[in-house]
Each structure stands twice: as C-alpha cells, then as structure tokens.
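First comes the structure, then the notes that go with it.
Labels for the chains are A, B, C, D, E and F, by order of writing; each one numbers its residues from 1.
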C-alpha cells in the first residue's frame, strides 16, 4: 500500500497547488448541506404540513411555527454571515465579522418580516396553477405535487435575499430546486404575481429577466441572453415578459431589449430575439413532413430500414 | 428581537388569512415524505436488491419480501385513507373514516394482487430497453441505471391507484419520480407493454394519453394538449400513440384527436397536431444554415465577434 | 387477510418466474445506495469542504483527506469487485473472486494515483465556467452551485473507471448525477479540458462522443446517434466536437461521422447530421410568425379564443 | 438451510403456545422505546438546555417549550391510552377506546397543569443536593451530573401518573431511570420535598414507602418489605421515614410498620426491622477484626497465602 | 499546532509500542456495537413487540419474525466467526476461516433450534417473577419493566453460546446487560428454571455457580469465589444453590464447595463460606444499636454535632 | 385546550421564577450529549477498534486516529471553553471568552500530549485485570467486556482535566461512566498504576481519595467521608489506600485520616473508620446464624411460614 499512501499525499498536495478546497484560515463558505436544510425549512414555513408529518393542529401551530422560525432564522443568520464575510473578502472590505453578523441579522429579520407578504404572493401562484391546468383537481394537489410551485417558492425567498445583496446563498438555493425540478430560475430574475410553470423540466430564466403578472410558461422554455460576454455581466441581458403572456413548451426568447407585449401567446418551439407588440400570437408554421420510407434520412433512417 | 416576534405572529396569522397549511381539524393530507418512502419500497418490491443492500438470498427472500410487503401495505393503507377522506370532503360525501379505511384496504390489496402481473409487465419493459439501446450491456444494467425504467416502474404503480380512483397519491408518486428522472408521466396516462424511454429528461406525457405496445421515446418528447381550458378537463386532451411507434428527441405531439398510426417514426423536433396513418415517417427537413460571420445574428452574434 | 398472504406468495413466486431480483447464489451486484455514497465522497475529495461542513483547516486537512481516501477506496474496491465478478460471469470467465479482487484493487489504486491530475483538469473546468458565464461572480460560486461542474466532476471519475473496463459502476455513477442535474453524459464519452455546460437540463452526450478542449454547451443539447440498432453497438455512433466549439441550447448533432470543426458555433435548436468545417457558424433562420387571432391554430388556438 | 427454516417455524409457533408476544388483536401495549423517548423529553421540560443543545435563549424559549410540550403531551396521551385500554381489558371493563382516550387526555393535562409545582419541588431537591454534598460546587453541577436528581425527577413525574391510576407506564418510567442510575424507586413511593440521594447505586425504595421532608440517603440503602407474599400486595409493606432523617450507605430498613422518627440518623450497613423514636442515632458497633495471617479464613485466605 | 501534530504522532506510536488496538492483520475481533445490536434483536425475538413498536399482528408475525431471525442469524454468524478465529489464533490452531465459519454457522443454527425451548424457559421465569413479587400487577408488566428478567433473557442466550465454546461474545453479552441492569451474571453460570431476581442492582453470579429451580434473589447478592488465584481458573470456584432457595438483599455466599440446601432461606447481609443443609434459615442477629448522641461515632459523628 | 395553553404558559413562567433552565444570556453550559459523545471518542482513542467497527488496519490507522484526534480535540476545546466561562462567571472574573478559549486550547493540547502516557498506564490496568481475575481468558476480553476498565479509562481522562482546573466537565464524564458501569469514581480521586475493580457495581470512590499502585477492589466497596459538612469541602475527607491493597466486596472505608497500609487485605462487608498498619488482614467474624423455623424473624419470617 506504499503506492496508495503516496497517492494520498499527492492528492493532499494538489489542494495546495490547484486550490478547490473550502477552508482557508478563518471563516468558511456556506456548505451545500446547510443551505439545503434551510431551504427545506423555509418551504415548510411557506406551506406547513405538506412536506412532512409535522403534527400541526390548531392548538400547537403557533408553537411549532415559532420554534421552526427561530431555528431556521438562526441557521440562516449563520450562513448569511459566512457569505457576507466572503463578499467582504472578495471586495477587499474590512469590518467583518462584526458588521457581517449585523448585516446578516438584518437581512434575515427583513425576510421574516416579508414572510406574510411572500406567502400571500405564493397563495396567488397556487391559485394561478389551479386555474391554469385542467388536470389540477384542487389547490391541495398543486401544493403537494407541482414542481413549478416548488421552484417558485424557493425563487421568491432566494430573490428576496438577492435583492438584499447576500452573496452565494441565493444561487445555491436556486440550484437546490433546479436539481429537484429541472427548472432553473436565476435568483436575480424579477417575477410578478400569479406566475405558473407547468411540467417545467428544462425551463431556464436568466438573471435580468423581468416577468409581469399572470404569466404562464411550459416545459423547456428559455428566457436567455444573446450575449454571453463576461464584460456585459452588469447589463440587462434577458427579456421582459409583460402581463398575461403565455409561452408554450420549447420556446426560446433571447435578449435584454426583447419585450413580449402584454397578453401575447408564444407558440411551442418558437425562437425569438425581437420584441412583440401586445396581443401578438406567434407560432411555428406546421410544414408537411410526412414522408414515405424511400425519402427518410437522418434520425429516422434505420427505423425505416428495420 | 421584538420585531422578530411580531414577524412570527404575522406569519402565523397569515395561515389563518391566506391558508396553505395542512392540518385542518381531523384528518391530514398525505405528506410528501410518507409517499416518497412508500414509492421507494414499492420499487424495491419490483426489483429487490437493486436499490439498497437488502441482504436477500434464496433462504430469506420469502421473509424479507413478506415483511416488506406488510410494512408498505400498512403504510399505504394509511395514506390512501387520508387521501380518500380528503376526496370525500371535497365531494361533500359522508361515511369516512369507516368507509375510507375499507376502500383503502381494498385498493391496496388489489394492488398487491396485481403485483405479479405488474412485475411481469416491468420485466417486459426491461427487455425492451435492452433491445432498444445499443449502449445497454445487460438487463441488470438497465435495472440499475436506466431512469426511463424507474419512471415507468413508478408510473405502473401510480396508474393502478389512479384507476382505482385514489386521489392525490398517484400524482405525488409521479412527481417523486419526475423530480428524480426529469420524466413527467401523468398517472392517468395509459401505457402498453414493452415501453422504452431513453435518456428521458424533459419527457412530458399528459393525463389522457394512450400508448400502445412496443413504443419508444427519446428525451424531450411532449405528448400534450392543444387546449388548456379548465372546462375541458374531463375530455381526452392528449394524443394516442399506436403500437410500435418511435418518437425521437424533442418531438411534440398535441391534441386528443391526434393518432400516430402503428409503426410510425416521428423525427426529432417534429411538431405535430394532426394524425398520421400507420407506417408514416415524419422528419424536420434539414435546411442549409451554414453562414459566415458577416451574416450571423441572434444567439450566435457575439460568438463571431469574439 | 388470506387473500393478501396469497398475493405475497404470488409476488415471491414472480421473482422465480420473471427474474428481476438481485441476489443469485454467491456475489451480489453493486447496489445503488452504495454507489451513490461513493460518488458523494469522491465529490468531496474533488472539492473538500463544499458539499458539507467537513471542519477542514490547515492543521487537520491531511488526516481528514487521508481517512476519507482510505474509506472510499475500501468501499470502491468492494463494489468494483462485485461488478467485475458480474462481468466475469457474463463473459463466462473463471478466476473470481481472487482475480476480481486484485483487478479491483488495481483499478482503485490507479484512480487515486490519477486524482491530482483529475483535480487539475477539474480546476480548469471551474475556470472555464467562470470565464464563460457573465452571471458567475467567483470560482467559489461555480463550485458551490453549477450543476454542469458537478456532472463533469462525476463524469471524469466515471470515465476513468470505464476506461479501466469496470462494468456497471461507471454507468451507475453517470445516472446518479443525471438524476441530480438533468445532464446525461455516458461514461464512455471522451471530453477534453476546460469543458463548460451552462444550465444543463436535458443535455445528452452519447457513449462514443469525442469532445475537444474549451468546448461550451447549453441546456438541451443532444450529441447523439443516427442509428440505434443493437448490432452497431460497438461502432462510433456519436459526433466529434473539435476544440473551441460552442453549441447553443436545444441543438441536436447526430452521427458517428459528424465532425464539428474547431471554433464553430452551432445556434440554438439547430439539427445537424452532417459535418461542419472549422470556424462555421450555423443558426436556424428566424421566420416571420407573428399572426393575428384569425389565423392562429395548434397550440395557440384556445389562447386566442379565451 | 432447511433446518433453519424449521427452527424459525418452531419459534413462531412458540409465541402461539407460550405467549410473550405483544400484539393481540386490537390495541398494543406501550413500547419501551416510546416511553423512554417521553421520559427524556419530560426531563428536558424539567431542566431545559441541560440534556442536549436545545439552542434555547430568551427570545425563543416560549416557542421551544411550547412545541416540546405539545409534542410530548401528544405522545403521552397515545401511550397512556394504550395502557388504560390494557387496564380495562385486565379488569374486564368495557368503554374503551373512547373512555380511555378521554381519561388519558385528562391525566396528561393534569400532569402539565402540575408542572410548575413539580418543577418548584425539583428545584428544592437541587438545592438540597447542593447543601448536602461538600463536593458539589454549584447547583448547575447538580443538575448536570447528579444521578440522584435524575432518578428523583423521573420519579416525581411517574408518581403523579401512578396516583392518577395509569397502569404500566409509571413502572416503565422508573425502570428507565433505574437502568441509568442504579436507583430503584417504585413509582408508588411517596417522597417529600428536599430529598437527596448521593451516589445512589443500589438504592431500593419500595411501593408503599412514605418519606418526609429533607431526607438524605446514600448508596445501597434498601427501604423494603418484610413480607413478600402476593396476598399482602395491597397493604403497606414498606417503612415510613419522617422529616430530616439521614440514612448512610448499605443500611436496610424493612417493614410497613417500621417508622424512623424525625431527625434520626441511621448508620451505614445497619439492618432495621423495628421503629426508632425521633432523634435516634443507630450504628453498627465497630468490632476489632485486625488479624494476622495465621488466623485468616474465608475471603481473605488466599490473599495471605500469596 | 505543531505540538498537537507531534502529540498525535506519539499517540499513534503508542499503539505500536503498548498495543491496545483492535485490528492486527487479517480478522478483527467482534466490536461492542455489533454485539449490542445482536443482543437487542435477540431480546426482540424472545418477547416481540415489547422493546419497540414492531407493528406485529397476526397477519405479519411470521414474516417479521422470519426476516428478523435471518438478519440476526447472519450478523451473529459473522461475529461468532471472528471470535472463533480469535480463539484459534490464541490456541495456535489452524484451519480458519473455513472451519471457523462452519463452526459459527452450526452454533447459530443450534441456537435458533433451541429458541422455542429457551423461550419456554423464559416464560417460566416471567411467571416466577409475577408470583414472587407482590408489587407485580401482570405478566406484561414483568416483561416490560423487570430488569431481572432482562438480565436472565440475555444470560440464557449467552450461556447457550458459552456451552458451545464460543469465545468472547458470551461475556460481551453479559456485560451489555450488566451495564443496563447492574446485574452481573457470568455467562458460564448454570441457572435452573423459574429463576427470579428482584431489583437486582449489584447482584454478582460467578462463572462456575450452579443454581437449581425456583430460586429467588434480591439486590446486592454475591455468589462468588473464595480464591481469586489465576491458577485455580478451571476449578469450580463458586457456590451451588439448590432448588427453592431464597437469598435476601446484600447476602454473600462464597466458595466452590459451598452448597445451600434446597428450600433454605438466607437472610439479608448474611456472609456465608460454608454449606447449609436443606431447609435452613440463616439471618444476621439484630443487635441493639440505638444510641444517644453522647455515644455516637464513625459515620454518624457529625450528624449529631450538627 | 385552553387549559393546556395556560399550563404551558405557567410552565414557561416557572423557569423565570424557579430557574433551572440552561441558557442565560451569552454562553451556555456544556450539554450532557456533547460530553457523552466526547467521552465515547476518547475511549476509542484509548482502545481503537473495540467500541465500534472502525475499519482500522495498518495502512489507514494514522489517518483514522489523526482525523478523530482533531475532531474530538475541537469538540473538547469548545466544551471546555463553555465550562471555563462558567467558572469565570461564578468566580466573578473577567477576560472571557478570549482567555477561556486560550486556556481551553492549552488544556486540550496538554491532554493529547499526555495521551501516550495515559494509554501506557491503561495498558497496565488491562494487565492487572487479566492477572487478577481467574475468569479472564485474555487481555482482549478485558478490553472488550470489563466495566472496571471502562470506568478507569474515563477516570484517567477526567482526572487529567480535573487537575487542570476544568470545571463541570470532569464530573460529567464520571457520571457518564457511572451510569454505564455502576462505578462512581469522583474525578478528583488520585489513583495509581495497575488498578483493578472487579464486577464493580456500587463502588464509590470519593473526591480526595488517594490510591497507590496495584490496588484491587470488588463490587460495592465504598471509599467515603466521615463528615459531610459543606464547610469541610476543601479538606481531605476520604481515605488513603497504599500499594498492593485488596478490598473485598461491600467493604466500607471512611475518613480523610484513614490509611490502609501497603499490602493489607480488607475482607468483605468490613466497616473501617480507622487506619490499618501495612500487611493487615481484617475480616468480619462469621457467627453461627443457622436457625430453625421456630426462631426466625425479620426478613425470613414469611419464608418459614410459607
């Protein structure tokens, strides 16, 4: 096992030479596990009793919620402090940890102060999902099983922290729910009330996207950037979607100046890099592509041959 | 911390005013965690020894399976009772919990009676996956690592309960495996034998879809509805796919009257809202889109500029 | 409960008649849970301190890494032995378990010997992601929250074992991270340095794909096969992507002879089954599909009607 | 393994023929694990923050205690119901489960109503331990590390339930803490304020013992019965210890009519079956038992021979 | 932290120089945790449903017991193999691991074959406890809360393995329950039917003790050796207690030739190193030790002074 | 449930009025659970591989031990800091937490520096136990199953911290192992090499006891104080036991001036409050207490009557 011992030593040496280890002297970064636990608890605060058997009833609800609020707030202050300290370090600012802890405390207190409003918005999202999906049998079913709602729940919390300037954590929250739902909403995106994503897998919503009220999205929709140059990182690179727009599966809308006017409908697989006036309907024209087996090619070749 | 205490009180108050809390007097809804544990156990019953180290051998298999069957049956009766009680409440019917418990018991007993048949169907799906994928080296590899098979395993259980009229739970089961695989099969969909989904991420199969035998699907395929009006929630809104059809990645087939005839091949990215006769081959015609850098636009603009 | 007991007996009988149980006399296959735990530990070795609170600092790093290395190596030798024994059995070879254990030991020792090099490559991938995404604020953010990096980390380990001829396990590793990220990279794929996948959901990279250095991919890209006939399982069925190519979201490139020349840019939703010379730019021409409500059809019909 | 299967069948048959299995149709008995968890939680309510890191501070104490109170009350009502149902069954009474649940609810509510008083008594016990042990450095040390206090804490809860006529559970609680501390106090024993047991291992206090205020006991003290005939099970069989009595290690006091008068001191190893007037001092006379090696015998024989 | 690193190196070096580490090349010894888990499972097999919520009822009992039997048998074979290998090593015998595994298998199979008989004996012990304690309200209470029964349950299993010549494990089992109950029965002791230990703390029963039927013991009883010379390790060093003997608390009976005749009663605190004929009654004469405060001394001195 | 809510409020109020809650503003006390985990880890460092399956072998021992050392040291520094802060607060000193953390660090570093020496002493204790018990078959058996050794292992660590002036924690460590073994050694006691306690239940060794080399104790031995007046808390109140003394079960030796001379043997149940010269042998004279049934009394009365 001599060789194995040498391998381990080389591995340890590689952290020194190549980096990629999270420890540095002093404060650590937030860890994935800590953030995931916090997000799960925030989801419970949003919709208590749905995620796990919380044993909540009218008599103990206040205690259960209060205890959980304090617990998650404490954990969140701790992680936000780490991320702020990281932000200070990157920005070359001093004053941490005292200032960082204070800032973290304020950010978390503000989040909890905003909770009733955020919950009210989320209940509007539940209602929009129920109204928008003929397969939905009840609002309870929406809360229990719609991945779009879960992605949105986490987004509304993550976006709040993003707006407060908390580094790293909002993005970690987004990726937590991206992994679960296949829906990738950057925490910087601004999203109005009564938003509904159906099915959702493959949806991508970029950092500077602005979405109005009552918008509806299907699986595989991309709201993305035309430019991916690092130097344009601070500009508005993603589209604006006005109130009441519906975008069907697989559609792609790109560009910071692209505005989809209120009430428009964007058909499936449409590829848009320019703006649409309000009330527009766009769709991919359906060509005639029924072929016999003599003419097939590409992906269908061997199916005919078989 | 005065302010924080007020925030918690406001949060608690928000459940009163906006709802979204799962407790109500009396019975609760099924929780996500309970359903997830049940699904994992049902997967173990379908393919024992693959998910975890069950320590099964010829001498103890009967005991291990028997013990697990009783355990999962008990848990499932419990959760199905809750969901039936919820269904009664929504429908304004009385008679629960006595009638609900009895109905739940019967549904679960029927599920277990159907198990050997369901397993036989699943073994056919395994065989179809092995035959249909040149990269597959063995049926064991299919069971161990094909997300399409996992989605289908859960679907076949969920669909059985859906057919028995169990509310909420079939959909929660589907979403459990949607989150793991990116494959979103509504529990209402009717799917024939030897079904194979390769890769699978982004696949959506709607509630009233009917799929024949020996059908093959690739990633990103949508079998969806043309209409998403709530009032049409009870009609057949999703397509019918006949025996032996292959549908390549990214294809979209919409509408309750759309029938893809037996043995047809639908090429990648095809968008279909009308029926095809048996034996059809459809594909997207490949245009000439090689351009030089003077003509580029849209998503490729800054790639040329760089 | 007579009937239930009969159901269980029938279920147990079904393993006899239909198979699908992982026990057989003697050695078992690797289990999903064991492989998942190993992958998580390998990810920790790649980027210590990011996944969980490992409590690593300069004084204990050597011990923590050394202990973890030994633990994961032991577990991996155990699972690789099982998979090799399975491979011997399928191939009708004898000599296991002695030969299998030795082979497993060597494979794992080689993996650890390669670790510093693999980590160095991964740090290059981190850097490519940071350079390639205007939304990325730091390399730490990349390690903490980019699913593309996680998929690639697991791929580089899985591919090493694939090259060493280890059966089953590389594919199980790929599916573990496919489930988490929606990115499906076959462990057989050869991928060069500084590779970056953004967003990633729905990406599929086939078994015989060859990718050069500095390639960039977006969500929903398929690098697939034209032929899915079992008999062609040993040929190169997937494309070659040369250095510096960028492929935008939803593009599909198929076929073992298809070569995308160095520095090319493939636009979103492009469907390619033929080669491109170096420096090419291809894109889907944007048609004029703005319509008024009199002309709508398909997916947008009822949106206009509403 | 034929033989092993037969052994299991015989084992299963033995429950039928010999009994000893806790299931019977209908309700089960309380389980040890459930009661142990409840006792641990009651200890936390008595002295929050000492047993585990509860993260309690002034701002969240009310929520943490309230949540825990509801949780433990719910669990206790459940277990008390089972034990009452058992009591009804043994007594041949009908009316359960309705009456049993109601009785259980009342018993638990009364226990919580009595909590402030019980805690006040326990704080007196803490103070008595601090005053009575020269080795005690602080009351915190007493709460953190005195087994006598732990035994007494559990006893005061168990005795309350015993007085309410709850079957089985009080005795299970006593045995839980007997196992931890070696102090065996029957839940029926009546114990006054400011009671202190030092070291405690081997102490036995019988069912009908009555102990006054300010009594002090050392390890190995037995307060037992003269008669162990089943027919005398309902009489007072154990002694009465009046206020301010001290009993040193290993002393044995037996009999229901034996009264140790107030302020008496009973020396170590004393064996008493008759009463003592107040203010008595009793001790074992110290004989002269220093011997040379020629005269040793019994237990010391071979020590001399060595 | 230089110094700390040196301390660790010195600590690691100390295992080399002083021993005390359980690994050696090849097989390990059984670990405490493994044995403790096995003992807890054996207790469940003895009295199913009492230790934890096993969810056993008439329909699933056979499966639950069968599954548990196989699980505990497998674990026990594993640990017994280790201990036999240790025994072979100490004895300088060769043939392990093949012979050891076979021996272990036989020992465990014999244990399970003996299970119905052992359970029948244990049910007799339960009955003896109920008959012998006026405070016992039911046999269920005995099973749920009598430490003497728990000690005896474990002893009867441990003694079976001791008789089969299994090294180390029987003693580890005894110490497991010694720690829980304060009752220290050496696994070598031979104990007849209907044995009852009340309270039990401090009871010690030596290796070569022989106890008849219907014997009753109280807390603090020692059945020990006169000689503690290593050279006499193979002789009968502990007493013989014939049928129907009762021994009260704190009595000590020593010596391999000491025989307490059938039906005798040994009073509390009696110290015996010689035999008694059947039907004897022995007790410590109660002297007159009531003193006034002028004459006190020893342990009671300062009580009078205060 | 109005009443229940009022009960909870009263309970919460009782912490305010009666105390007994561990939180206070600022630092907390060490918790039982934290200390118990630390003790278990220290036991593993003393005898690696015995407590649980550590998977240690020659190749990884250094890493496993190093990792565990760092982990336990970090946890211990944390808890010692809390206890020192508590000590400062009680003593009215200022300077914490800075000074406390430094002191804690030094104390823990010194403990680890002393580890090789402490382990060497413990290996001597193992050897003494093996030599002193004819039932002991090997030193491995001693490490695996002798409670006396476990008590001593914990004592030697606790005493080290006691000597360093660490408050609270040494006593919590002692009580941890007192609960497991029934052996109560105050952390202040000074104990020489090659110490052996057999069986051990009920042993009490007081704070100022001094024990020489090669001393042997049996179950139920008390080395205690004559005076229990608080004012004498700082004097030597417990006996001195010189080298090579053996004390048999149930013996009691009291008083700070009592010295048992080297090589003495104290027989079972002996009660001593005065010194003995070296080489003494003392025993309880065995009276003639065989009685017939006409003369019995006390504890044996009803045995004769039955």
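In this text, a residue touches a chain if its C-beta (ideal position, glycine included) is under 8 Å from a C-beta of that chain, and two chains touch if they have at least 3 such contacts.
Because the structure is predicted, anything quoted here is derived from the model rather than measured.
K.L.:
Among the other chains, which touch chain A and chain E together?
P.N.:
Where chain A and chain E share a partner, that partner set is B, C, D, F.
K.L.:
Of the pairs B-D, A-D or E-F, which one shares over half of its contact pairs with B-E?
P.N.:
Most of the B-E contacts reappear at A-D.
K.L.:
If you average the CA coordinates per chain, which chain's centre is most distant from that of chain D?
P.N.:
C
K.L.:
Let me have the rounded angstrom distance from the C-alpha centre of chain A over to the C-alpha centre of chain F, please.
P.N.:
55
K.L.:
Just the number, please: Cα centre separation of chain A and chain B in whole Å.
P.N.:
For chain A versus chain B, the centre distance works out to 23 Å.
K.L.:
Two-or-more-chain contact residues of chain D, please, as numbers and ranges.
P.N.:
Touching at least two other chains: 4, 8, 59, 62-63, 66, 69-70, 182, 201-202, 220, 227-229, 250, 254, 268-269, 271, 273, 284, 286, 297-299.
K.L.:
Chain pairs that touch, all of them, please.
P.N.:
A-B, A-C, A-D, A-F, B-C, B-D, B-E, C-E, C-F, D-E, D-F, E-F
K.L.:
Which part of chain D faces chain B closely enough to touch in the complex?
P.N.:
Residues 1, 4-5, 8, 59, 63.
K.L.:
Going by the contact rule set out above, which residues of chain A touch chain D in the complex?
P.N.:
Residues of chain A touching chain D: 55, 59-60, 62-64, 66-67, 69-71, 74.
K.L.:
State the interface residues of chain F toward chain D in the complex, per the touch definition above.
P.N.:
Against chain D, the touching part of chain F is residues 3-4, 7-8, 10-15, 18-23, 25, 28-34, 86, 90, 167-168, 171-172, 174-175, 178-179, 182, 184, 186, 188, 201-202, 204, 206-207, 220, 222, 224-225, 227-233, 237, 246, 248, 250, 252, 254, 265, 267-274, 276, 279-286, 297-299, 301-302, 306.
K.L.:
For the complex, which residues does chain A have touching chain B?
P.N.:
Within the complex, chain A contacts chain B at residues 45-54, 56-58, 61-62, 65-66, 69-70, 73, 109, 112-113, 115-116, 119-120, 122-123, 126, 131-135, 137-141, 143-147, 180-182, 199, 201-202, 219-220, 224, 226-229, 249-250, 254, 268-269, 271, 273, 284, 286-287, 289-293, 295-300, 303-304.
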